[in-house]
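Look for subunit A in each of the two complexes below; its partner is subunit B in the first and subunit C in the second.
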Partner chain A sequence: MVRLVCFEWRKHFLKRSIIIAMLLFSVLNIAKVYSIHEESSLLANPGWKDLYWKEWADFGGAITNKRIEKLMNIYLPLEQLTADHTASTKYRTPDTYLSNVYEDWNFFRLNYVDPMKYAYDYKAYAQGVVSAAKENIAFYESVDNSYERNKNAVIAKLFEGRSITSFAYTEMYQYYVQYDFSGLLVLLICLYGLMSVFLHEKVTEMDILLLTSKAGGKATIWAKLIASALFVSSVSFWFWVVDFVSFSIIFDSWDAASSPLFMLVDFIHAALNVSLWQYAILSALIKTAGILVFALAFLFMSILFRNALIPFIISLFISFISIYFEEVTMGSGRIWIKVINPFVLLFNRELFRKIEFVSLVGFPLPSYIAALLLATAWGALLLGGILIVVRKNTLWKGGGNRVHLEV
Partner chain B sequence: MSIWKYEIKKMLLLHKGLLFICLYFFLSIGTMVILDEPANPEVEMNRMQYRFYLNQVQGPYTEETEHFFTSEANKISDAKVALQRVTDNFYDGYIGEQEFLTSSDSLAIILKNEVGFQLVYNQYVYVRENPDNRKFLNTNGWDGLLSNDSLDFLFILLVLLLVTPIFCYEFESKMDALLLTVKKGAKTHTLCKIGLVFVIVSLLCLVTAGLRYGFYSFKYGLENGDYPLQSLSYFGTSIKDVTLLQSFLWITIGKLLGNLCFATLILFASVCFKKYAITLFSCTTVVLLPYYGLKLESSKFLWPGPLGFMVSTGFFRGNEFKRNLVKDQMELIFREVSFTSWIIVFTITFSLCVVMLIVILHKRTNVWIVQHRKRRRRLPLLILVLGIAVSMLVGCNSFNGVMIEGTYNYSSKGSFENDKYRFYMEQTEFGNNQIVFEDKTSGEKHNLVRNPMTSLTQIGAPIYGDGTYIYYMKIDFEKIGFQESATRFSVIGVDITRFNEKIIFEKKLSTDKGTVLGLVKGNTYVASFYLTVSAFFLDESSLYLIGQSNGQTEIRKINRTTGAMSVLFRIPVLRSFAFDGRTIYFVDEKSQIVKYDTKTDIMTSIIDLVTRDFILTDTELLFLNRKDQQKIYAMNLHDSTIRKLTEVPVLSFRYNNPYITYIGKIDMKEYQLFIDSSSN
Partner chain C sequence: MKVAFKEISKQYKGKYALHNFSAELERGVYGLLGTNGAGKTTLINILVGILKSDKGQVLINDIDARKSGVQFLSHIGYLPQFPQFYKNFEVMDFLKYMCLLKEIPLQQGEKRAKELLEVVNLSSAARKKIGALSGGMRQRVGIAQAMLGDPDILILDEPTAGLDPQERIRFRNLITKFSENRIVLLATHIVSDIEFIANQVILLKDGQLLKQDTPQALMESLNGKVWHVIATDKTLDEKLKRLKISNMQRDQDNILLRVIDDEKPDEHAASVQANLEDVFLYYFGEGEQW
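Here is the complex of A and B:
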């Protein structure tokens, strides 16, 4: 079986075209990451970058009262100076860090004061969430609403003890978690790579011949499926690694990895208590799962036809429709509609930025679990579809069973 | 000739080309009809009023227009004051009814189109910036037709479906070798195939352009095609000297060239790769990746290849900048494509096409082979798959009807009461709104919105209640980097027995292109209205929002399933307003109460009832009678009999079944009055 898988892998995926596409797409991906840095990063400005890392020695690391005091000693005078917009905008006076007071104020506010304030306040905020949730538990018990009661119990447990103790440079992660262009690249490569898996023999009409050989039936089909899964996973991981490494290098940041996920403001209600590096891995795994579901859909499409033309077009069309609906339902409170679309796995910040629940016979199920379950269901359905359609062909081609069918 | 006929037959019938073309037009028209939204929805919602003013200023900016705007603005503000005065005089008995009617009617005519004036005035502000090449016209049609850089994804798929099999089909069946034995199988046949592709693609492209033109002309109207392109704000900074119609024609020609180039590319790829999958893959990536991957919007127009020409609108845009608030400098968001760069891009693209065609001719010759194999199975399957896809497009949203109980009054928009609880709004120490409810028997106080995670969500001040549900509104935000933006407006219903929440209505507000591919874009005009909503109420099919637009208070009706929005009416001074589940009561500019039936769309005034403040109860309409020194009166809703409730003038009052609490105008003291409405 292993040899069969290896053979299928070599036959379908070890092509020059795929390797060239991977390389070109990787370059494009890195260019895209670079453009995001240039467009959005606060430190894209060299002056800001130098000053940031100079000040980092004073303010980075554990948040202590001494550090806060020191920061406030710099910031409060700046705030007062700029408050009424009458301070001089004279270029580079000796008492400014950057070109003028306003730029200094912007620099400290956006890079240090706001993020540090958020980190410092988070503990109290999380505690507030816990106490509100606990209050809710009592309240919902009094009105006999067990679903809401259980939901709040999960929230209380999740937020219990959350705090941010150290200050890190998280800008890279802020944009990394919002990045999904690589998903489109992977989807396109997989679409191309998978088209030939079942069609290769059909085009040359060798599929009939294949059935007569010993391992030509079930074993070959499974070998093809396994090889495809391996291909999809390796392409995905390659791109997720390229994403992460290029983000880290371009943003010049490796050190926020151990900060908690809720260090990112948009993830203030993060659905999991994980650190950023754990989330990066989890997100990569879930994205791969999403790609696998689409891969099965592509394979299923390709089996239905005799050449790649129509399945390719339909697959592309379906992918875009999924993306369209993902965009429509993004941020929606209608969780079921959101998680039924397997594309949500590729776009999984939607599942983790805020803990949300769906009701499964009165039991609160976190949306990410629901999305995974539904994706599994989609996968099983498509896999079943593939097996049924393929086997039907063998029956037809087998001839001997035809009588049976007609009965 | 016979080669042509065979090739056409092969493309359209054997390869189901005709079916795909029909399907394309079906989907294309469908998406246009369903998804098209006007660039400026306010104009569509106030078509009549806008037309009224536009007709007077349409055309170039002149000194007369300047005068017109000044005088009209004065006229409107004077009319507002005058109408108020005339009404006051009439109700105070200083002028007779006839005089009142004649003067108030003429004033009302002036004010009728006020919103239209606002909309045209906004345009005036734009035109005045550069009066040389900007003119007044209704822009929605042209904006829909020209002001976008969207790529027709369905058309790309159609071209791929039609063109790829032209050569790939013979390669797939290995019949290309046979061609050597045929007399006209070489050059003639290839030229014939290329010619056919060009003709079909050109025809489709032109028909599509015509269809779009027809659609926008039908939906919004495409008048004044001879006005300069800069009249549309999308092309505001353009330096190209063309008219709207010319630019549409040029853009169509550009699209035609782009699509022909794309078709050539497909032919070239299929001749080189000889396989379907890689041909399709390479051609889609060449178009889609630069489109979604390039940072600057204008880069795709400087990229040699089909993409820039397939969009084409960017060639007519000018430099555009956006202020970066952090860095305090202007950032380029669109770089103009100069004529020289256009020539260079065009020359490169054209030479590429020629090279590709030469390569095709050089490499490719082939032969017509009669195909006997019938593959009928494909058709039903394809229809099934596309049917599923189409059915996915149809969003469904089930809703269980609301039983309206009691009445809604604007004055109590922040509170609601039923037998068991009293709901009201409280301001918290952080300035956030907090909806609380009080148990009437035990006096216990709880929060209504029980979501413990309060950050990045803003609860709106107004609430609305019917018997079993309390509704509140909220706005969600997202924060990426240091930028916070509103993403969604929702109306949530909470059932009062078990406090489960359900979503009644949702609207996406974010207008940025940052999400995945940016296929769904919000409209700033729509978003800004949602952010000003100050009260709302609903019935089983619609949601009614009271908000600000162009400095006026508007009541808008929104279909809860489709999200379609329309302006019901404007209220000059919003003090009193009521809804009983079917009829809306409000005060018009003559201080008369107007009843609007939401089912039949019929508006009727209640004659002889003059007031600015009123409250609707289940059986009566309580009001401060303007004709009788602001004393409280009650009108029975069934038989319209009016009775007096107080003998003293009243400053303000509120109703709390069965009591009226009022403040006397003379002594400024608060009184409570018991009314027994059932006895009436």
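Here is the complex of A and C:
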């Protein structure tokens, strides 16, 4: 089987065109990350960047009263000076850190005060959530609503003991977790690469030789599926690594790796108690699983036709329609519609940024588990479809059925 | 090894591609002869399991091929019509891949692949990409892959397409050598492919078995039905319209016609010995207009 998989890999994926596409798309991906940094990062301004890392020595790390006091000693005078907008805007006065007091105020507010305040207040906020959830549990118990009671029990357990004790530079992760462009690139490369897996055999008339060879049947079909899964995983892995390395290098830090996921403001209600580095790995794995589901859909489409163009267009259409529905349902309360779409695995922050539930026979199931289960069901359905529809030798058990859309 | 087709029928969109076809094959070279669309490829596809017959069965040593399942495939070497193979594979790698598909042990397969490349005169191209080969060379790769594993039944569908005359002679010699104790089924509409090497010829027309016999017997059956007739430019058109002509040869002012007819076509006509091309024309050539 290993040798069959290697041959399938060589046949379909060891192509110059795929390697060139990978390289060009990687460059494009890096350029995109760079543009995000330039457009959105507070530290894209070299003056701010220098000052940030200079001040980091005083304010980075464990959040202590001493550090907060020191920060407030800088910030509060700036706030007072800028409160009525009458302070001098003269460029580079001797008592300012940056060009003027307004810039100083903005710098400290955006880079240190607001993030540190969020981190400092988070413990109390989480305790508030836990208290509210416990009150809800008592209430729903009294009205005998077990679904809501269970839901609140999960929330209470999730938020119990949450706190942020250390201040870290999270900007890189803030944009990294929002970054979806590479997912689209991976999807396009996979679509291109996978289209030939079954179709190429038909075009070269090799399907007949395969069907009349002992290992050309089920073993080859499985070898194709395994090689395709390896290809999808490799391309995904490559791009997720490029993403992480690019963000780390361009943002010049991956400092907050061990900070909790809820340290990001967007993830204040994070559905998991994991660190940022754990989330980065989990997110990459879930994205890969999502692409695998789409890969099966592409393979299934390619089996039905004799030329590549029609299944390519249909597969592209399926991808875009999934993206469209994902965008429509993103942030909405239509959780079932959201989780039934396997594309949600590629936009998986939607599943983890807040805890949401779907009712599974009256049991509150976190939306990320529902999404994973439904994606598995999609995958199994498509895999079954491939195994049923793929052409077989009539001498095999169950052979002889052939579905062929001649377009 | 014995292969028997028992009343095989196959229809496509209500039209019979094969109709109650029965034949028996034992060791030797069998030429499956018929015009395009006669059902040759359909018959082969049913034999190798690519198609399911609507009716009838294929027996291998008196056992239904379907009962043998995939094990039957290990007895088969098959060269399909117009194979392209994988352009980005080197010849040797492709043969190794075919060994893997046929479940031939690696070392044994590699040794046999080298021998077969020698036989089909492609040793020097072993490291060439298939995409860089000419049509004839690619066809020879196809012949080599079919022979990997020394199958008991070798099935070749239009095997000489793209081969030059020298390669055809080489191919014929190779098949004759290979056919010892084996069945070779060679489907073609090129008569010369099988004229000299087939032990039996199966004539297939509109999906039905027309005749199965030795080439000699088929040719003898046309004794007194093949004639040489001399025509001039003036009488040629009339003769072309009236007679079934297998060959024309100009000899100064006269034209020598080779005519196939149950009756003596002309009072000066001379009876000549039939060849297999005459047999082909006799059975498949009606309605031809020149």
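Basically, the second predicted complex is superposed on the first by the 390 of 407 C-alpha atoms of A that agree within 3 Å, B and C clash if a C-alpha of one lies under 4 Å from a C-alpha of the other, contacts with A are read in each partner's own complex, and residues count from 1 in each chain.
Convention: a contact is a pair of C-beta atoms (placed from the backbone, for glycine too) under 8 Å apart; a residue touches a chain by one contact, two chains touch by 3 or more.
Because the structure is predicted, anything quoted here is derived from the model rather than measured.
In the superposition on chain A, A:Asn152 makes contact with subunit B only, not with subunit C.
Shared-chain residue A:Ala133: touches subunit B; no touch with subunit C. Of the two partner chains placed by the overlay, subunit B and subunit C both lie in contact with A:Val203. Legend: residue contacts after superposition of the two complexes on their common chain; A:Phe317 is shown touching subunit B, with no touch to subunit C. Of the two partner chains, neither subunit B nor subunit C is touched by A:Asn65. In the superposed model, A:Asn73 makes contact with neither subunit B nor subunit C. Between subunit B and subunit C, it is B that contacts the larger number of residues in subunit A. Once both structures are placed on chain A, subunit A residues 203 are touched by subunit B and, in the other complex, by subunit C.
Residues 153, 157, 160-161, 164-165, 168, 172, 273, 275-278, 280-281, 284-285, 288-289, 292-293, 295, 326-328, 375, 378, 381-382, 385-386, 389, 392-393, 395, 446, 450, 452-456, 476, 478-482, 487-488, 490, 492, 497-500, 503, 506, 508, 510, 514-520 of subunit B are the ones that touch subunit A when the two sit in their complex.
Residues 45, 48-52, 65-66, 68-70, 72-74, 76, 78, 80-89, 97-98, 100-103, 145 of subunit C are the ones touching subunit A in the complex. Against subunit C, the residues of subunit A that register as touching in their complex are 3-4, 7, 10-11, 14-15, 200, 203-206, 208-217, 220, 393-397, 399-400.
Across the complex, subunit B is touched by residues 17, 21, 25, 28, 31-32, 35, 38-40, 42, 45, 102-103, 106, 110, 114, 125, 128-130, 132-133, 136, 139-140, 143-145, 147-148, 152, 155-156, 159, 171, 174-175, 178, 180-181, 184-185, 188, 191-192, 195-196, 199, 203, 265-266, 268-269, 301, 304-310, 312-314, 316-318, 320-321, 323-328, 330-334, 347, 354-355 of subunit A.
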